[in-house]
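In the two complexes that follow, chain A is the common piece, with chain B as its partner first and chain C second.
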Partner chain A sequence: MLHNIKGNYITSVKDHVRQYNEKSFRKLASNNFKSWPNPREETWRLSRLGVLSRKEITPIIPDYKKNFSSFSKFNGSKIIRFVDGALREDLSSNLPPGLSLNILGEEDSLRCFHKFKDSNLKDHPSTNVSFSCTPSIVKLTIEKDVKIRDFFEIIYEGGDDNLSVHPALHIELKDNSSITIIERFNHLSSLIMPLQLVELKKNASMNSLKIFNDSQQSYNLSANCTFLSEKSNYNSFSLIKGGLFTRSETHAYLKGKNCNLNLNGVYLSSKNQHHDLTTAIYHDVPKCTSKQIVRGVLGGESTGVFQGKVRVAPDAQKTDGQQMSRAILLSENATANAKPELEIYADDVICAHGATVGEIDDEQLFYIKSRGVSEKKAKLILITAFLKDIINDTVEESIQNFVFEEAEQALSEIISKEI
Partner chain B sequence: MSLLEIKNAKLNLDDKNILKDLSFSVNRGEVHAIMGPNGSGKSTLSYMLAGRDGYELESGDIYLDGQSLSEMEADERARSGLFLAFQYPVELPGVGGMSFLREAVNSRRKFLGEDELDHLAFVKEARKVASKMSVKDDMLKRAVNVGFSGGEKKRFEILQMAMLKPKVSILDETDSGLDVDALKIVSDGVNAQRNDDNAIVVITHYQRLLDYIVPDFVHILSDGRIIKSGGPELALEVEKNGYAGLINAA
Partner chain C sequence: MVATKETIDKIKEVSGTYKYGFVTDLEAEKAPLGLSEDIVKFISHKKKEPKWLLEWRLKAYKKWLSMEAPNWAMVDFPKINFQDIYYYSAPKAKPKLNSLDEVDPELLRTYEKLGIPIKEQEVLAGVAVDYVFDSVSVVTTFREQLAKEGIIFCPISEAVQTHPDLVKKYIGSVIPISDNYYAALNSAVFTDGSFVYIPKGVKCPMELSTYFRINEQNSGQFERTLIIAEDNTYVSYLEGCTAPQRDENQLHAAVVELVAMDNAEIKYSTVQNWYPGDKDGKGGIYNFVTKRGNCIGKKSKISWTQVETGSAITWKYPSCVLKGDESVGEFYSVAVANNAQQADTGTKMIHIGKNTKSTIISKGISAGKAQNTYRGQVQIQKKAKGSRNFTQCDSLLIGDKCGAHTVPYINQFTPYARVEHEATTSKISEDQLFYCLQRGLDTEQATSLIVNGFCKEVMKELPMEFAVEAQKLIGISLEGSVG
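So, the complex of A and B:
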């Protein structure tokens, strides 16, 4: 099955993994992509993958001559480009001092692998299969004290019918470094299984924006594993609008005191799209804060899922964990699911969560209409405000307009059919 | 012809008869006060006039400048020149005050066949009107009614009234939640808009507001109908003797 995968480290990982004799790992890949998580598994109950087992999927062989189609959205930004899951240095920018991009060797690849295997992402299908099928694990390192002010774009594209794509990226921010990274997923019809390991060292700070905009026939099962050290700061926002099925799953481990985590996101779903934002936050040490704000707008027969787990370990006193999800349904046939889970084992913490699913607020609609504004326009004003509100509150100021414009395109698609 | 005419209005909410054969009319240049105890139907009356869903008339009709409103949605009524100042103005997180006002004003202008105002022209006009109403620029930049004090919310309502230049304004308990100073500012704002072509209907519990916005006529609403009409002296009578005597006499 995997004989056609390039790169020698993969064979080594495979051999290494044999010693584990774990039944989950490589089950998928070695079983011709037929063993997807059972819907009885709690974390996959609301997002079922059974349909994939009826497809004939083969890992893509990256075409290093393939050209790219997505252009940068920012003037003067640095670009890193993955095509068919493989890094294309020839299509990427030269990096400024203090930043480096490497293809990991066997030892570092294994280290990366173990980070996932030791996390609760160990049974995620992308963990199972992408460590076997990725062309290589790419590492982006931001050196100590380096603060990158330019925008960084990572563009993932390529793919094709019945093929799977396996980009794997390890981002490490060393002490006191900072960066803003904008990732855009723009694949053609395919199964996309991205892996990402983020390590924030002491006092490091990262703004992450992910835009999931793969083609309408695609499946994207993104798995992100993030580790935060003391006083580090991770501010992440996911905008999910593309794909037939997109699930962005992030597990964040707060390992150092006084670190701060934001895992926010918006999903905009129409037709028969299925969008899923799943997060797990592990407060392992005292005095950290985490915040999640998630909003969704759904039309057609689409489904939205938010699953947010916050675990506060017995030692993690003075934790502040907040979680809020809201979804607006514009169609009778759309569905939104919200599943907050709090597991709190410490006694001196502030943790709050809330979830609402509903239609546009009647009072607000009447108020705007009573000023002479048509119902259609009033709804548009309210939905736009619903998104602007979260974007303004959670996204770094310099990229707020960009995020809003990206959201607006998908929103007009939904609204044109519903109101 | 009356500017606003309510003819034999009947309205049920949850199978309960709330407005029972309610009639009154308001001419150009007049200010009418509707007073009544709790539960008399005052808020129902204001929602019914503004066209809120669920507040449709069972029978009877309402006319604005000769045109029947009963088949019109809330937005059409507003564009035709009816304005409701809310008792509890609704918060709109994420909707900027200035863009909200502009959307409203341009909807009305379009209806009247006037050119829509561009951003700059609008901002200039809005600032001019706002400064007269003691509405700070900062309030127009914020989201509509979000984090506004009671006084700010009511001032913003009257600012909208001033910008929209309606034919008929319904002020629903505009005095509620206001201290004396705020009451005076809001009343001055309303009085500045009184002219011979428009009309104002003030709905209130108390006589206090009517010291500042002096009505030409006062109607007492009880159990869904007008039980007595008169001049400003009727409000003073209510203040002195309460509603009970009037209701018993009716």
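So, the complex of A and C:
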């Protein structure tokens, strides 16, 4: 078999693109993939991938006959389904007018590739591997002035042991359009490398909810590159609960004045899970606001990482950048890491970040216990409140309950062992 | 108080330029240019060092050869040619000095120009001073009085001769030779520095102080300071530094090691005012310093206070390793960067013992084209139950061409501890400025007033003698940055 070269993922990626010519974006991307990130590299110091180089993994060849029909979580929502990293229109809903789904040709794919190459995601392993190995880059376009009220669910499924999947999605919101997209990652693969390019044109608005819930042995290295134009609004929330190792990395470029960005997230980690939320926000123009709120609950021997960088360019006056991360450790063997970073080259700005790590607050616990509540119950109340707080503050009202239910499952798993 | 007034007057004379930029014309004895095993041997021989120390130096030199210069700091400078530096430069050997009267008058004049003349120190009557000129410690004051208490305060080269056991036991115990590139270099070629030993139960009756000065052209300064505080002791140590104005960059790579036993407290204050280079970034000192304190004993405390206004490039992270239960680490810092200065500074607090506490207050001020970075790490290890950290780092930007960056790392391995970090970046508020202008201050005075208010939390930690100087220094450093 062509794709069964033992232990060397780089070779199998190269094999995967053998049939393409030298100018193809796949070849260009595969030439850039030379090794897994070295733990000495600053952005990968806290989340190490060394174990991947010892695993026998090959890129998947999608099976278009596989049938998946996991149910939607919402009544009447539209579904787009990716199986083995490939779009399955036969398993997806019909799209309403004003919305289109296309498979990109070579030229447009190359353009997407260059968007990543010009960003600081250029050395992310998913950038190079997934552009090499994705079945195709799928583009979802929301036309001008179209406001989609139904929820859109994108479900990623499939994959298998020792195989890597490479879904690649390009979302473009044209002027004055808006949409809410819920993405659910439910892969069975050893390695998942999703790519997402989001482009928001003038006055466009997008709510994004990502739920990472891959199988217990999975490595998910999600790379997201977002561009915001004037007066656009991007509101994203990531819930990381599954997988053995999940890193959601988002780079957002604020390119138009008066745009607004929210990158929020929660990680709920138990057993030996490693969860990482990495963000980089680039304020390149004046008068934009960005806000990040991240919370984590850690049990077992899990590790949580939050790395958030806010860069304010010399011209980006009147920037308002806020960042707050909090983690609660419930187990003696859990670890929390935080690295909130500010890089500021403009003077007329308001930027702040805060980070706390600790256990449940003693005084709060005492207060509840003094009302006759058992310690176990009291802790449960406090942690639930800790999560509800951020969900109510940052998630769109109509999907708050759904997010909380999703979080509760993971939370009960952590709590049942720790309290 | 007379002396304090004198200090203020001295500083008032200065009009916005670097006032320490003079060169003292002294005959100096130099080692040949460059670095090699022979130079290391030469320095060791010159200092009449015992064999173990020479071997230790050579080991460090070999280690250094195998290491690479770190490049993770947010500073930008051309590669240093380590073969273009004099590693040993000393004012021509004179017979051993017993009192100030025997010091070369040229040197004395230098001290006077340094702003805090020795006489003044004597008037203040609370400060014993060790002067390190280029590579060699020239004079140490008040030694006899200190000796009565059993305190050893002398150049480290002398301590190697007189107290070899203590030096051998503690040198490199906090910062091993392999710690980092510049620490390895320093271990190989360090020429002098201060040595302080406080015996059990002694509270040091006066502030100890060292003044560092780089005088010779092309020479590097590699001093090494070692402070050991035994059980139930207290010592406050001050350090100040200046250098002449020169067009080329000079290297200063120091190592400072502190050891605190049970119930000991070490307070280490620095006013760093190396020559920062001219407006366009020509010349200036590269200040690459490794400072670390080891709180070995129970309830020990190490407190770092620094006011960083000089140097073309600062790369400095005074840290605390909190090993003893209930030990305390503190870091108070003001870093001012103007014109083309670059500062990457911060701290590390490593919590190992139970109920350890640390506080970090960092104030960064950037003006002109300067880049100012706070980089810090707080690590709570598994056994550090009940530990607590609070970090606050604020940055102030003056002008739209400078940068302020914050890079904190938090690593926590136990749930029974709490770490809090907060940081803000902003410019001087229009309201505050308007208020001051309305009261008749000009923009420069108003800025200076607001900046000093911004730094107040740190300034109040400085000993009195330094606080006055530091406050003025900040004003001077920022001159020309507004309007």
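We take it that the second predicted complex is superposed on the first by the 383 of 419 C-alpha atoms of A that agree within 3 Å, B and C clash if a C-alpha of one lies under 4 Å from a C-alpha of the other, contacts with A are read in each partner's own complex, and residues count from 1 in each chain.
FYI, contacts are C-beta pairs under 8 Å (C-beta built on N, C-alpha and C of every residue); 3 or more make two chains touch, one makes a residue touch a chain.
These figures come from a predicted structure and were not determined experimentally.
Residue contacts after overlaying the shared chain place A:90 against neither chain B nor chain C.
Applying the stated contact rule after C-alpha superposition, one finds that A:359 touches chain C and leaves chain B untouched.
In the superposition on chain A, A:392 makes contact with chain B only, while chain C stays out of contact range. Touching more residues of chain A than its counterpart among chain B and chain C is C. Once the two complexes are laid over each other on the shared chain, residue contacts for A:329 go to chain C alone; chain B is not touched.
Look at A:314: by the touch rule set out above, it reaches chain C but stays clear of chain B. After overlaying the two complexes on the shared chain, residue contacts for A:350 are found with chain C alone; chain B is out of touch.
When the two complexes are overlaid on their common chain A, residue A:341 makes contact with chain C while staying clear of chain B.
Within the superposed three-chain model, A:56 lies out of touch with both chain B and chain C [touch as defined at top].
Taken together, the two structures place no residue of chain A in contact with chain B in one case and with chain C in the other.
Chain C contributes residues 72, 74, 380, 382, 395, 397-427 to its touches with chain A in the complex. Those residues of chain B whose C-beta lies close enough to touch chain A in the complex are 50-53, 73-75, 77-79, 83-84, 86, 89-95, 100, 103-104, 107-108, 111, 143, 160, 164.
By the touch criterion stated above, chain A contacts chain B in their complex at residues 362-364, 366-375, 377-378, 381-382, 384-389, 392. Contact residues of chain A toward chain C in the complex are 42, 314, 317, 327-332, 334-359.
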